[in-house]
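Please find the structures below.
Each of the next two complexes has chain A plus one more chain, namely chain B in the first and chain C in the second.
Here is the complex of A and B:
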């Protein structure tokens, strides 16, 4: 197996452009390591972004949060400006696995893996985050819903790298709920990220289907009366009816649908509180 | 500062053991749950790699510690994951690549995956003509049932159970299931082996059973036992996973074929295919008088031993003689069975069958208490065994302290103040009987060296032995060296299992120290505990002393999601006398943490015999944060003998939690108690039905 370790982004993009699908991008390695140890994939070459310092930054520019693709979960969770301006995001990243995993798992990695049983995608989606993809043809910006297409599948082209995630100014209220059905470090069974502000109401349910589930039409109809318990319950039920849950070791599809109703309602209660 | 060598990375485990000139092995496994190998294509294997094929081991007899039912390589794979070929290559990566390049063609046979299905007459047979092994692990009168998949059945016949039920005012019953579970030692199975120039077989391997393995490998390769040498470095955990012969026969056969030393380290996913805990189905019927005196109990246990018996007969027997529980029951019948299925073999696992029986029996005690309208604490106090009482095996109880343990556990959760959300469990677990332990101790410089087969797997056996010897010899424990067990140098010992080593070896060590003090240079000691049960009546001596514990749980439930929040789970464990206080505490903590995983999280899942969660993301073990609610205490008694502590605190945890849920009207019958199952039980509480349909609970 070949190991490419470019020193900067330019070189990384060049290698990605040359090798395309023949290299597998290695960021934190927490997910890739599992797949390779399990023998599920045996990539002929890895393109490690570990030395690309310019992808590790976390900064706020014009009110917008910019997370470098190689920023770790732990760095996001700990960053004072993230905690101040986007506390829901800091919380969601801080609930992932264990500290040891968070110290190496990256923002770009968790999005590019598109593993359904993850916390950050739903949280980023609810906050209206966009992923910046760079390739030989330049840069494009996609929403999380556009990025994650299905199980382990994204819209990232073979010659592109996910280089940054941009999160707009946080809405007035945002909550993140993680429901685990087993140990405290288990991957989520159902997550709910909800945000309410000038841009309206966004509710994203994660980990229960192949990609984050988000129904803006239901949210738009309900956004006005979140103060009413009945309306919150109705929206939760509507979400539970609309999601397309899967079954796995963490719970059956029917169970997840039920938990979805409970957790969406609880998230809305927290938003309204 | 004294830093534990484990924390300094200074321990050399089996995975670290190397032999000069060694090759590295990898295994080729069947993807089919039951079939016959039609052909093995090795044309894709790189040159320089040796492939071990069934014809290379055709001269080796079947092996198995209790029933000789396993070939070194399977020409007829009986589970998905059964090893059909093996390779040896210069590097581990080359070996893995070569193993992937071997193509195995298998004709499928009908397969069976559930113990009850497998026990039916029309079920496909996994093995024809079972022969009981002559290994000394097959010591208890194994009773295969000819023409069936039942490789052992054990009975207890105590009193007249039908007359007992006829006399009962109240009878309750339930069927309880537990799943396969993985041991998850941090260090996987690892072995390096070679044949020496003078024809001896030398094996360095992680195992709890060096002498059983020596016996088995000697028989396999037609050697005298003295020409097989087993050396056991410390293990990075075992919990029963590294008992009897696992991959060692294959590694030795590769060494024989290549003429080189060969090393094999299993991958994490392979651990789930190597040895798991017996799934169980236990049906309990329990009768009592109106006043709460137990009068009759009938238990049927089914232990699914997977594709090979391994020590499944022993596990089933222990499941059987743990089934009466620590209570006076004048009429008690038990029927326990070990049954083959087309799943990976199941064997020893911390708790060794007792957990499965205790889960069923202690849950049934609370069903009975609810029916009688009496308190679960009161019902247990009224019936528990005291010194002089006869157990269902006929043996007279001695050294009992169930009442004190129960009271302590109950007090820890304030049970008598308010029993809501709280549950209790009382545990009695046997110790390997009969067995034998020998030890030698010699002067060495200004200290001593202990020669002993007790293996170190993180339980602190060496520390305990050093402490005990230092006490006897009036020196510091640091002056006593306890090297790795080496069958060339240490006297015979039954095995490091069954929480027996501190007790048995302490007895032998006392004798050895006395002999040394007399001789001045060396001393030798042996201890034997005699007993055993008649497999047809279950009468005799099941255990020369009993491990005793009580557990209590206090919890609340999110009734909308079924998620359980533990306030506290407490175990009071009888130690008799504590030898090594920090080590004893760690044994309890470890047992309870495993018990917590068993209670709430862990299950090896299958789809048509294929393990679907052979990794530590999908198979979920507890973490330190989950263990925060666990507390324990060790109960000692003046002048009492040492009691082993390796497993006792595991079985109380699931049943105490299950009974705490029952106190809220949430009745669980199956482990693990996942939020989904708890929610289903909450639904049943709203629309009561006696117990969920067994058929519906099968996968």
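Here is the complex of A and C:
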């Protein structure tokens, strides 16, 4: 296995352009480490972004939060400006696995892995975040829904790198709920990220299907009625009816559908409180 | 590939195999307190401190620590307050999880010197003890906090 560890982004993009699908991009490596330890993958070459310091930044520019792809979960969780301006995001990143994993796992990694049982994608989707993909032809910006296509599948092209995530100014209210069915540090069974502000209502259900589930038509119809318990319950039921849950060790599809109804209702209650 | 780093305070170099995980490289270098157990970053028995943060050595490639600093429990002085507290509180039963616990507690106390039992339990959520010695481990954390404060 070849180990490429470029010192800057320019070199990393060059290597990515030359090797394309023949290199696996290695960020923190917590997810790839599991897959390699289990013998599920044996990449012929890794392209490590570990030395690319310019991808580690976290900054606020013109009210927008910019997370470098190599910013760790722990860095996001602890960053004073994230905690102040985007507390729901700090909380969602802070609920991932253990501190040991959060110290290493990155913002870009968790999105590019597109693992369905991760916390950040649903949270970032509810906040309207966009991923910046850079390749030989320049940059493009995609929403989280455009980025994550299905199980472990993204729209990132073989010559592109996910370099940054941009989160617009946070809505007035935002909440993140994580339901675990086994132990406290387990990956989630069902998560709900919900946000309500000038941009309207967004409710995203994570971990229960192959990609985060959001139904903007349902949210648009219900956004004005969140103060009414009946409307909240109706939206929760509508979400539970519309999602296409999977079954795995953390819960059957039928179980997840029921949990979805409860967790969406509780998230909406928190938004309305 | 050649990996140059600081191991337990001293400059070290090792020859890491392709795709070799840090836990295996450290064991090959004689650090047998670092123990691969679950292999998926859940149990904490292979925890080491890289720079200032505990990480799972089973999920980190040896190549990733090039130019960085790695601390195992074997690098702590005998009179380290956390080690002393674990001994005095009889917090180890079989001892398998103890090195990872000690390093995690060191990092926790650095952030939160007056940690209470509840926050300590939360912080150790990612460290499993299959003997179930948790109550004594939490006693040890309280004692370690007192000894550390006294030391400072």
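Note that in this section the second predicted complex is superposed on the first by the 273 of 273 C-alpha atoms of A that agree within 3 Å, B and C clash if a C-alpha of one lies under 4 Å from a C-alpha of the other, contacts with A are read in each partner's own complex, and residues count from 1 in each chain.
Note that a contact is a pair of C-beta atoms (placed from the backbone, for glycine too) under 8 Å apart; a residue touches a chain by one contact, two chains touch by 3 or more.
Remember, it's a predicted structure, so these values are computed and weren't measured experimentally.
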item	value
Fit or clash between chain C and chain B when superposed on chain A	clash
First (chain B), second (chain C), both or neither touched by A:185	both
Touched partner set for A:29, first chain B, second chain C, both or neither	second
Contacts of A:231 with chain B and chain C, given as first, second, both or neither	neither
Which of chain B and chain C A:37 touches, first, second, both or neither	both
Which of chain B and chain C A:50 touches, first, second, both or neither	second
Contacts of A:221 with chain B and chain C, given as first, second, both or neither	neither
Touched partner set for A:5, first chain B, second chain C, both or neither	second
Contacts of A:60 with chain B and chain C, given as first, second, both or neither	neither
First (chain B), second (chain C), both or neither touched by A:251	first
On chain A, positions contacted by chain B and by chain C	34, 37-38, 98, 184-185
Residue numbers on chain A that touch chain C, as the complex places them	1-3, 5, 26, 29-30, 33-34, 36-38, 42, 46, 48, 50, 74, 97-101, 103-104, 184-185
Interface residues, chain B side, partner chain A - complex	96, 100, 267-269, 560-561, 563, 597, 600-601, 605, 612-615, 617-623, 625-626, 674-676, 679
Residues of chain C touching chain A in the complex	1, 18-19, 21, 39-42, 44, 47, 50, 53-56, 58-61, 63-64, 66, 104, 107, 123, 125-127
Chain B contact footprint on chain A (complex, rising order)	34, 37-39, 98, 179, 181-187, 189, 248-249, 251-252, 255, 258-259, 262-263
